[in-house]
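Some structures are shown below for you to check.
Both complexes below contain subunit A, partnered by subunit B and then by subunit C.
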Partner chain A sequence: MKSPFDLQDALFIGFCATLLVVLKSMLRLKLGLSGHSMFLMTFFYLICYGVVNRVGAMTVCGLLAGLVAMMLSVGKGGPMILLKFGLPAMAMDFALLFMSGVFNLRWRSIVLALIGTLAWAGKGLISNLLIGMSGQVALAEFGLSFIQGGMFALAAALLIPTVLSRLHAHDLLPNRPE
Partner chain B sequence: MWAKERKGVRQPYFRFSASHYCAAALLLSLVLSSGAFFLPNSALGWLIVIDAILVLHGVYLKNKVSALLRIGLAQLAVTLPLYYLIHGENQLLEGVIVVLRVFLALLPGWWLSATQKPERIGEVLSWGLPTKWAFVIAASIGLLPYMLQETKEIYAMQCLRGANITPKALRNPKNWPELIYCVVLPVLIQLLKLSKQMAKAAKLRHFGSVAKPTHWPATREEE
Partner chain C sequence: MKLIALEGIHFGYGSDQSEILDDLTLVINAGECHCINGATGSGKSSLLHLMSGQLSRPFEGDVYRDPSLLIGLVMQDPNAQVLRQNVGAEIAFGLENLGVAADLMVEKVQHSLRRVGLYTSLDTPVEVLSLGQKYRLMMAAQLVFNPTLLLLDEPWAQLDDSGVKELNCVLKSLLDEGVAIVMVEHNPSAFVDLVEHFWLLENGKLKAGQRPIADSAASVLNISASVNHRPSKVVAKLAPHQFRFVDQDPLFSCLQPLALSSGEIVALVGDNGAGKSSLLKTLAGIQANITHLPITVLDKRPQLGIYGADLGLLMQRPNRQLFEQTVLAELQFSLKRFKLPLARAEQILAELGLQDLAECSPHKLSYGQQHIIALASLVCLRPKLLLLDDPFAGLDKQHVVKVVQLLLQLRSQGSCILLSSHRSVPFLEVDRYWFIDNGYLRDGAEITEQANVG
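Let's look at the complex of A and B:
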């Protein structure tokens, strides 16, 4: 991995990833609802993208979060968690390649959030099918988790433009979020 | 003299160190987890036996299984009604097997995190990681207590100021945006400042300008 990020951006992404993992582990005690992890994931990935303003930031954040979660053994632990954090981030970054500069920030974050949720629920669908679950049941679970996760992800995406413009108001971002 | 002798005794043979053991455990849990996905039903019994041994090992080291069991039960509660609704009664057994496989895929991860120290897992992971990202991970885990402290202080201060973010007020989803603006936003500002300071401090110590970086000795406690 040849990194184009300078150290400051890399550190910020690392802090965001760690905070994401820790907050997620604290929240899962309180809420039994599946899908609330999408809120935190979308929020921190989009913040990373907005602050660093570069394709690849979200993937790095996702992979770092996976590694940190593996080390702190948060959640179910084990190597699978790398995919759980990494896959939505990769999908969001991949989608970003095709749509940079197409929408304004608000719509871009909404579309990215939905794509991330799709990847997240799709990962569940594929693993359920691999495990031998019948297609209809797997699809039903996919739909259920997509709706739940999508709601949380949308809520996070709607917060992003305000948070970014406030960060810009504190003169902490190098360039203005459009 | 003493030191020399001890060194002489230790040098000749290769020791199977804790990090090698951890790498083996990581591989084992990876293999067992994927086994839960790909093994045919007939071989599932053996997998259960191996996983049961792992669970015994974890429980022997005084770890709790209750959280894991709760996840398994939740999965069962979601999947079985769906199976019942779509396929009827006679395929319920299939649903149970599916849930069992999901559970078996989770077990090795639980065992790994229950028996291995985080710093050993980190050491194994850093074998394949570029120095910069290893530094980033180490820094963020090292600064975690500071970040949590900062977050707690900001939360306490905002509560004193009268923001609607006490646990009781947070039961109402209407107050959730306030939590973001009152707590998460200041935390993000702190993180941005912190990353700027850390990057400057590391650069002043010539971070990244040496081809072969030095490390803090990691295996002290095993010596």
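Let's look at the complex of A and C:
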């Protein structure tokens, strides 16, 4: 029986996780726009899913990226950074269990990106509630984060079919992404 | 002794494409020399990769490998297997992996270099070697660990005549030592004295081939221009100069002024490393690290990006200039850019009989197919000056015929074509030869005149 992940898959997931953290730490974008981190995160998670084509790839990538970020002290979250990277990935993988083969790649990417953003904004909501923010304000903050993060995630998701078809054309993917 | 045996091999590049190896069977014994011929894109290189265990895609069938089997593989594009930055380290790489003691390596590496006729220092950076020299380097890198089976992909196309002669000697000594050799070759006549088993790979199966007549490659093709042409306007001028890279010795000297005119085909012939590719890149204005030279192309000093559709350059490694997702899109890219009729792309594919490749990815094609697609993408622009670096490498006779017809047609339309080759091109009616020989670039006509006077 074929193992769930082979060496090639593991190397690719590791590559995506490292590149995600390295780009995030190198660019240190001070755009003043909340949610822009969802662009890189969504892009790399979805590329991981498209290339490896196995449920769990995004979770592994997210947790790995969180571990790398934690070790390199990227971001301001401390150990919580693991959750920041891991939670959207786990949510996307969980959603994938129910929607595999339902939509085409473009729509699947968009839905997964929005679910990832929901998890990402949800993490913020819980943090805000824990520090004592009023429910109304926390919910408004959650909605705002979801909209802002969702826009960046959507932009990343729209790139996925093009990037995957280019990878397939260069013989880097065995099957045509659908 | 049986070294490797393939039985009932089925292999294809995708469920939507037909199998390129279909129930293929082959047995290689120690000391045997096999030569596999076949059309461009018929699966010859894939077969070598399968034998070497490099094929990452799944295949069906049984492969027996003797425990003593140690395989050396030299690929068609040696750049694809270069790993290290200098010559010595590249050759020693195999020895390092086999755990050979460091103090024994230098002697083995030097012996291996001499064996393939590459007389260069161990510290020489690999990037300064020409493609033919890199091919020799990869030969040395494989021979250094004494393989029991040597797989060679298109050696004739990448080597000059002296390289082929040296390779014949090396292969003969290897066969005498009991090493088995399998080569994939469009011109088996160059190795006719060594090869015992000739095969033709056709429709995925190996069929016993006929022993070729020596030097038959040129005589089979007899193509002549249908339209008379007359060279007219000068498109490139080369004043006497010394061709050198910055802070380096001259690569060659040009003592007489040379010119290229519209409506002519000129073949630039020289050995591996003579400077052919560098000269072509200089004419196209893309050669870096070169001294200022008295060269004008289309009345301008060559510079990147100033010629548009008027100048085309086919590189020796065609995959360097392919980037689109389908062959048709590749051909249409420059046509769109220069606002030329897109119908030319389909027209040229039809002329080459390659319509079935139109929707294929150019990156998944064989070396020969990539070469012809890259060439077609330039020819459909109908440039005033077309520079072709070894355009016939990796092409079978049928494709050579088509390319020659394409070039003759282009010439009749007034384009000037300068093509480089390791040897003369008897199957193409060229107007003149330029030779790079013993460090001098000369016009062939001048050499002939001198010989006649003598």
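Convention: the second predicted complex is superposed on the first by the 172 of 178 C-alpha atoms of A that agree within 3 Å, B and C clash if a C-alpha of one lies under 4 Å from a C-alpha of the other, contacts with A are read in each partner's own complex, and residues count from 1 in each chain.
The criterion applied here is as follows: a contact is a pair of C-beta atoms (placed from the backbone, for glycine too) under 8 Å apart; a residue touches a chain by one contact, two chains touch by 3 or more.
Note that the structure is a prediction, hence the values are computed from the model and not measured.
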| item | value |
| --- | --- |
| Clash-or-fit label for the pair subunit B, subunit C on subunit A | fit |
| Touched partner set for A:P174, first subunit B, second subunit C, both or neither | second |
| Most subunit A residues touched (candidates subunit B, subunit C) | B |
| Subunit B versus subunit C as contact partner of A:R166, first or second or both or neither | both |
| Subunit B versus subunit C as contact partner of A:N53, first or second or both or neither | neither |
| Lowest C-alpha to C-alpha distance for subunit C against subunit B (Å) | 9 |
| Residues on subunit A lying within both footprints (that of subunit B and that of subunit C) | 166, 170 |
| Complex interface listing, subunit A residues touching subunit C | 165-166, 168-171, 174 |
| Footprint of subunit B on subunit A - complex, ascending | 1, 3, 6-19, 22, 32, 43, 47, 51, 64, 67-68, 70-73, 76-81, 127-128, 130-134, 136-137, 140-141, 144, 155, 159, 162-163, 166-167, 170, 172 |
| Residues of subunit C that touch subunit A when the two form their complex | 57, 324-326, 361, 363-364 |
| Touching residues on subunit B, where the partner in the complex is subunit A | 26, 29-30, 33, 36-38, 68, 71, 74, 78-79, 82-83, 86-87, 91, 94-95, 97-98, 101-102, 105-106, 108-110, 112-114, 118, 121-122, 125, 129-130, 132-133, 136-137, 139-141, 143-144, 147-148, 176-177, 180-181, 184-185, 187-189, 191-196, 198-199, 202-203, 207-208 |
